[in-house]
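In what follows, structures are represented as structure tokens.
What follows is chain A paired twice: with chain B in the first complex and chain C in the second.
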Partner chain A sequence: MMAGQKKKSLVQAVGVQQLVIVGVIVILFAFFSLMSASFRKYTTIITMCSYMYYIMLMAIGVTFPLITGGVDLSIGTGLVCYSIVGSYLMRQMGLPIGIAIAVTIGMGIIFGFVNGIIVAKLNLPPFITTLCTMMIARGLGSILTNGMTGVWPMAGQPGSWCRDILKYKIGDTIYPIGMIIILVLVVIMSIVLNHTRVGRYIIAIGSNKEALKLSGVSVVRWHVMAYVISGFFAGLAAIAYACTFTSITPGTGAGLELDAIGGAIIGGTAMTGGSGSIVGTFLGVCLISLLKTGLPNIGLQANWQQIITGGILIAAVTVDMARRKK
Partner chain B sequence: MKEALRKFKNLKFVRVVGFNRVVLILIIFLMYGLFTLLTPILRNGSSFVNYNRIMSAFNYAYFIGFLGLGVTFVIATGGIDFSIGPVMFCSALISGYCLTTFNLPLWLCILISIAVGSIFGSVGGYFVAYRHLPSFITSLALMQVAKGVGSIFTKTQSVTWPSDNPSISWYRDLVKWNNFPTGFVIFLIVAAICAVILFRTTAGRYMLCLGSNKEAVRLSGVDTRKWEMLAYILCGTLAGIAAIFYVGAYTTVQPGLGDTFNNEAIAACVMGGTSMAGGSASILGTVIGAIIVALMQEGILAMGFTISYQYVLTGLIVLCAVTADITSRKRKN
Partner chain C sequence: MKKALSLFLVLAMVVGLCSFAYADDAKSYSFEIVSKGFQSTYWQAVLKGCQAETKTINDAAGYEKVKFNMVGPDSESDIAVQVNEFESALNAKPDAIGLAALDVNALNDNIAAAKAAGIPIIGFDSGVPNAPEGAVLANASTDNYAAGAVVATNLYDKIKARIAAATAPVRIGEINQDATSESITNRGLGFIDKFIELAGADGYKVAVTGNDKYVNDSKGEKVAEADAKIIIEVHVPSQTTTELCATEAGVVLNQPDTIAIFGSNQVAAEGIITANETLNVCGSEDTQIIAVGFDSGTVIKAAVTAGTMYGAVTQSPVGIGQKLIDLLLAAAQGEAVQDTDTGCAFYTAANIGSDEIAPNLYD
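Our next item is the complex of A and B:
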């Protein structure tokens, strides 16, 4: 009897949905490893991690606007825009990489702040607001840099230490130490979401904004904060993206945000707002990245990735809606 | 001044067309004047005014206009559709591939194009109406699906519709026939049909009612799901038609693109006075909005700026239009 109760509380603590995702990840991992020899290689894991970092960072950030009942669509083209501007500062103006990184993250925060002000203060629908800033970010990147391709330092060049943060090479073996940073950020943001005033108010905005307003809290400030967090993480994602791909074409990036949003929703963040967890988001993105790396390895063309993203997104939201109805 | 404005608002023509639409028409002339003035200054004497330029603006207005008409129905129900641009490209790719590779007759390919659009519309409509998914996330997902399907079907190759073979390139006459803009006539006819559907039929009335008060319509015993889904099907079908006019003007389609057109079509809608909150729409407004978007793009390119400026401007226009709509609603309440 006691044992049964203890078991139940463990399941409750982690969350049923999260446990299901872990199960699915394990099964898929086993399946892909059995089916494909190329998937079993250590380098595949490294590649998967590199592709996962920027999606993960975007997803951690976008979880906050999602919890307020909004969404941030500007992160995808935004991260391309920020990293292009960062590379422009380095290449054309000869500034040190530290400043470029600071500006990249700073631009993310500014975009987040603008999104937040328009949504919270002017009461525009979040999806249309961030669609517009997505469009603006898309054009702005090429306007500010005269349409030049952004190039970040490659391995061995001065300033390549930013790559070593994510992938550390000792001898011939590469260690994906970016994963440690991601895990630390997941822990920090979980604490921010569940145990600080910012996080609690952001959840409250999603579940009952009117009640929060009536209890005398300045809702606008915390609502803006959710978008600023999202923008800040899009800035971090921009650096991870730049370090992974080194050359970035202006005008791209549309659709990247959907992987992040999909990850957050699979992880149990409600489309309607009011609940969500960073650990869930982490697991959701792991699942999406696993599918995106694994399926091409068992013979599906790369083009299927877009269909997979779309399918996962619809499936996740449908499940979320059905569960909430119950 | 105020008195004059009030008198102007009370003119019969202005009341029929709507004050917003009259302002938009004035904006078209203003933009045209501005571009005529600025182009020679910025591009050393090259002129903006010529017949080809107007034709090229029209070419752009057609497919943006068809997309805009479709999304007007969806926005009227209080939803949104971000998938129309890629769906249009997917339709054009699949039907073009059938035409060039499988050598199917042209009329069948046009039907295939429209059918592909309708299928995407039905899928989106099903999930939004019957599964109660938020429309923006459904359409974003479908956007990715449409991009993927288009690339897979054509094996990531771009498709060029035949333009010099008279027996299978009569679709180009739909757009331009001996320098006469036939496309504009068809566009106006389709717009008129859309206006009749939206304002004079049960389906249209229910769509508008859904946008203003869904719960009330449902409680009065109407199967709201059916009408909501129909709006998305119409939207997809019009995207399929837009595909024909896109290839009629530009012949070549590339896979994996098309999402910038969503925003331009939505911009045309919200500029024209269709409210993002749902419940009120204007077909005439969308038509004028599409012309403004096309003229803006033509002007930006003529003045020597890149297309990126168009993206930024479209974003700003939608933001301003939606803000204006929300403020005027607040004032009315």
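Our next item is the complex of A and C:
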């Protein structure tokens, strides 16, 4: 009896969907390792982590608007826009990297605030609002930097410490320090979502906005906050992206947000709002990144990679829907 | 009074004639330029070439003789977007259109419509290969198939001693950002075909594996992997991003028999450099994997200078832009125009600063 209760509480604590994702990750990891010698290498895991950071940061942020029943499509092109502006400040204006990082994050917060005001105050649909700001971000990056490709410090150059934060090298071995930062952020944002007023109100906006309004809470304020959090994390993602890929091309970024949104949804965040978890988002992005690295390693061609990734997304959402109906 | 009136009429006629003459001399030309995008510094360099030549022409004329509007899709996979942009360009009724086609088949009807409307088309970058007869008057372009062959020739020279010394088959990776753009596929196939030719001359059999498009379209004899001395493994990512090019490059770089890798444009070459940051297997020594790329940009230039990337081919993007404006103006004025190969050159750490190479490199 006691053992049964303990087992049940463990499942409740972690969540059924999250446990299913962990299971799928373990099975896929074993499958890819078995099928591909190159996948089994330590460097492949480091590479997978490196390419995951920016998606993970975007996903943690976008989970908040998703829980309100909204969405933030502007984070992909926004990420590119903010990092290009950061590069422009360093390379063209000679400003130190600290200022570039501050401006990059600041731009994310401003975009998030604008999205939030339009959605919460003017009551425009989040999809349309963030689709528009997605387009604005795409154009703005090119205009502000006169169409120049952004380049962040390369290894060995002044300011390259920002790369070492994510991937630290001792001797010939690289350590994925960025994953520790991500895990710390996952814990912090889980606490924010589940144990603070901000998180509770954001969940309440997604589940019953009218009831929250009637109880005298400033819905607009907390609704805007959800988008500000998303923008802030898009700013962090911009730095992670720039430090990983160095060169950022203006006008790109559309579609990057889909991996983040997909990760959050796989992780159990409801598109209708009202529920979601940061741990789930973390696991969802891990699954997407695993597929992005594993499928090419087993020699699967591009078109099949997309079909299989899409199929797994559908399966994950179907499982979630079925679970909710129960 | 009559004299004054006559004088006034004569003056009016002279002024009128002068203004007619001026109007004829001061004819302005408007061009629409449909590029493959603005997604790399390469296209920014083409744009700069167009702007510089336009300024030169307008300064010489003393008025705005030439003006142009340049558009392009966000990605070189966005064929449908480019078709829409070409239609808009056509509707603007310009004096001539510059076109770097992503897929000529998709644009065939619109190219025919331009011809019917009497709007001359000039191809640029990779041009408009296999366009309907007489629709494209001239091209200011790089011969991408030949450019791919230039990479193969330089790479083969670098690694032929290693191939000869190898007791087991060796692997060469090729990363192409897509299998749809004609410039990319021509480069990739030019590389494969030339490499097969050079290796064949030395008595080696080459197997081509990986992406079906490149495997099927390569000209050489189809050889099974088990029978080959050299394996060319072609990878195409599911989306044209540096991240996914880097993932594909990582798969090749991780294999123990890989001795060389080629990235057929800026995104693919940067993907190889990104992948190597973790793997640290590329370099110019005989024990390392020899990486070669295409185009330039800050990251590629730094890698070539450091020797992480052995070399790359640069086109002449600024020259392409300048030549394009010249050809558009000549075509709009009804002058005869002819194809211009804007050329390419292979550069390494040894000649990156030379007069021949440096002006064609961009950040």
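Assume the second predicted complex is superposed on the first by the 301 of 326 C-alpha atoms of A that agree within 3 Å, B and C clash if a C-alpha of one lies under 4 Å from a C-alpha of the other, contacts with A are read in each partner's own complex, and residues count from 1 in each chain.
Everything below uses one rule, namely that contacts are C-beta pairs under 8 Å (C-beta built on N, C-alpha and C of every residue); 3 or more make two chains touch, one makes a residue touch a chain.
Computed from a predicted structure; not experimentally measured.
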First, second, both or neither for A:L19, with chain B first and chain C second: neither
Which of chain B and chain C A:P125 touches, first, second, both or neither: first
First, second, both or neither for A:T44, with chain B first and chain C second: second
First, second, both or neither for A:Q306, with chain B first and chain C second: both
Which of chain B and chain C A:K292 touches, first, second, both or neither: second
Which superposed partner A:I261 touches (first chain B, second chain C, both, neither): first
Chain B versus chain C as contact partner of A:A211, first or second or both or neither: neither
Which superposed partner A:M148 touches (first chain B, second chain C, both, neither): second
Doubly contacted residues of chain A, that is, touched by chain B and again by chain C: 138, 142, 147, 250-251, 254-255, 301, 303, 305-306
Residues of chain A defined as touching chain C within the complex: 37-38, 41, 43-44, 46-47, 50-51, 138, 142, 147-149, 151, 154-155, 167, 172, 174, 244-247, 249-252, 254-255, 292-293, 296-297, 301-303, 305-306
Touch list for chain A against partner chain B, complex: 71, 73, 118, 122-125, 127-129, 131-136, 138-143, 147, 250-251, 254-255, 258, 261, 271, 301, 303-311, 313-314, 317-318, 321-322, 325
Complex interface listing, chain C residues touching chain A: 37-41, 44, 47, 74-75, 179, 210-212, 235-239, 241-244, 246-248, 250-251, 254-255, 270, 274-275, 277-280, 297-299, 302, 363
Contacting residues of chain B [partner chain A, same complex]: 80, 82, 127, 131-134, 136-138, 140-145, 147-149, 151-152, 156, 255-256, 259-260, 263, 266, 276, 306-312, 314-316, 318-319, 322-323, 326
